[in-house]
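Common to both upcoming complexes is chain A, partnered first by chain B, then by chain C.
Entry: the complex of A and B
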């Protein structure tokens, strides 16, 4: 998969959120996004996954124009800020419901993914009873369970303990090695530098590649 | 992706909600009021008498001196709008975000929400009908599909001269109100893509209020007023133009909503 963001500018209610962004992203790599709150990291992710359209410029996924040739990338896993699921369902049932939409994976793979993120597939608690960390883990499971080609993770380590962060880092590395293109926004610079092949700094809507030391 | 799976999700997360339990309670208010009126008139109401009473509305307004705001009709109409107000767009900023990126088709997603809106209106009318049925049973009235001219004239103030028969009564008491509610809900859904949901709700409420003053099939709201039905009272509104107007509003709302949804950004409310 190759993603090209070309001269993309996004203006919302008169405020320029992204300014003339030009980046190229390829499969099998982890791209880190860092920058201050409100700098445009989440908006850049929304732009790449088709949830917002650029005011100017274009986004191409494998030479197909997003928003014209396709509404969303064909194989996408997404965790944007706070994960949201149906509150009256268990974690397992929520993921089953999502998986049924594409029918790419079965129950066993969902159970396996839940175990990998540190959740019990047989947990009978409803999502509304989950702790913040459990919600975050379920969000990550939803993003990776179908082995998508493009994975967007916005602050995946939020609310996780040290062991949880380590678990998620291993999963991200595994997804990268599998050939997925991972875009990761994280305020923890150490985690970001450990995981990323390339880092972009997103500040005031401008995106610049940062040299990795 | 199978579109029916998308619809199944909307039914699960949008229709199986506790708030639908409030619908029978809401319909109890006009039914109870009508029960008192029927008792005072010394009659016994049928199922359809109670249902037509819920969608009675007012006679065409000749002068402002005659105007009396139909609170109970308004409650029933606005209740349905309120019930359908928040789900589609809340879902988009909530669990539905995972759904839309998986369904990968904005048109399919919006169409599923349109069908959900129709289903939600269907459930609303069915629950209202069941409430009216319960009132008829408990007050010792008949449960057939006919209205009683005596009840219409003495209790509800609808001066129908003959019993129009079951099919026509169903048209006045169920089908036309359903069409009207479905159309105004679809309009609300389309408007909520342009303005905040609460503004779209208020706009639709204003249209309903406007229809009180203009007795025309093209003013949405008239279709759900039995007091203005040409079926019950000679010379009033013909059901065919009402049904066509409702169908037109629905089709237009779906088409405009789909175009708008395709072009809009999907952000959280605070953004």
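Entry: the complex of A and C
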């Protein structure tokens, strides 16, 4: 998979959120996004996955124009800001319902993913009873369970303990080695530098590649 | 599309609010049954007294029977009055709130990214319609069946019933009242579905689900008040029922021929679907 963001500018209610962004992203790599709060990291992620469209410029996924040739990238897993699930269902049921939409994976694969993120697939508690860390883990499970080609993770280590962060780091590396294109925004600079092959600084809507030392 | 629709219908039909809406509706219809029982008891006692007194009156229930007393024609008891005053709230509380709720919470992003925004919208629209229809039609149907257990059945004599030739399937009411009752329950289902789907009109502009739930009711009450006030002036010569709030009565006091009932429901559906569709096409998911 190759993603090309070309001269993309996003204006919302008169405010320029992204300014003339030009980046190219390829499969099998982890791209880190860093920058201050409100700098445009999440908006860049939304732009890349088709949740918002650029006011000017274009986004191409494998030479197909996002928003014209396709609504969303064909194989996408995402965790944007806070994980969002149906509060009245268990974690397992929530993932099953999402997985049924595409029918790419079965129950066994969902159970396996839940175990990998440190959750019990047989937990009968409803999502509304989950702790913040459990919600976060479920959000990550939803993003990776279908082995998507493009994975967007916005602050995936939020609310996780040290062991949890390490677990998620291993999963992100595994996904990269599998060939997925991972875009990661994380406030923890150490985690970001450890995981990323390339880092972009997003500040005031401008995106610049940062040299990795 | 099939899997998205299946998922939405599953969510709609397994959600607690649908059953709460039906339960409240049934409580109102239980009141209707009890009030009808009292009426029948009083009628029977009066009838017995008349017979004992040698008064020359008929002994049948033709003018005072199940379909004569059925509140589906127009509310005739306190219970039915309460139900028919707030029925759009039941329709919306079943599942009407879910679109706005899922869009605000971010669940929308997860689902739409796996199918498409349009598939999700259409599936959600159908699920909301079905749940809204069930929330209103199930209490009306069960209310009719429960009344049938206590109120004697007799074919209503023409001229005595509230249904006249300006009303929906009026002939059927006098010739095959059960078929008429069941068909009207079907129309009630369509009314409930149509009302529930008006929740799509507000999109994500309302912050609280309770406000979304009250939206169809507020719209219906506003139209009701507006048309009532205009009846005295520019709508003086219009004999048709214009208030969607009363469209759910089969004998609403104004003309409600079949074509008009379906036209009104179709117009309301086009209105809500069109605005929701426009939001999906023009607005972004973020």
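Going forward, the second predicted complex is superposed on the first by the 213 of 213 C-alpha atoms of A that agree within 3 Å, B and C clash if a C-alpha of one lies under 4 Å from a C-alpha of the other, contacts with A are read in each partner's own complex, and residues count from 1 in each chain.
By our rule, a contact is a pair of C-beta atoms (placed from the backbone, for glycine too) under 8 Å apart; a residue touches a chain by one contact, two chains touch by 3 or more.
Not measured: the values here are computed from a predicted model.
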Based on the superposition on chain A, does the combination of chain B and chain C result in a clash or a fit?
-> clash
Check the residue A:74 against both partner chains and state whether it touches chain B (first), chain C (second), both, or neither.
-> first
Once the shared chain is lined up, is A:142 touching chain B (first), chain C (second), both, or neither of them?
-> both
Based on the superposed arrangement, let me know which partner A:117 touches: chain B (first), chain C (second), both, or neither?
-> neither
Figure out whether A:66 sits in contact with chain B (first) or chain C (second), or with both, or with neither.
-> neither
Take the contacts of chain A with chain B and those with chain C, and give the residues found in both.
-> 46, 49-53, 71-72, 76, 78, 80, 84-86, 97-98, 100-102, 142
Chain A-facing residues of chain C, complex | 3-4, 6-7, 10-11, 15-16, 105-107, 109-118, 284-286
Complex interface listing, chain A residues touching chain B | 12, 46, 49-53, 70-72, 74, 76, 78, 80, 84-86, 94, 97-98, 100-102, 142
Given the complex, residues on chain A that touch chain C span 43, 46, 49-53, 71-72, 76, 78, 80-86, 88, 97-98, 100-103, 142
For chain B, which residues are in contact with chain A within the complex?
-> 1, 5-6, 9, 12-13, 93-95, 97-106, 262-263, 265-267, 271
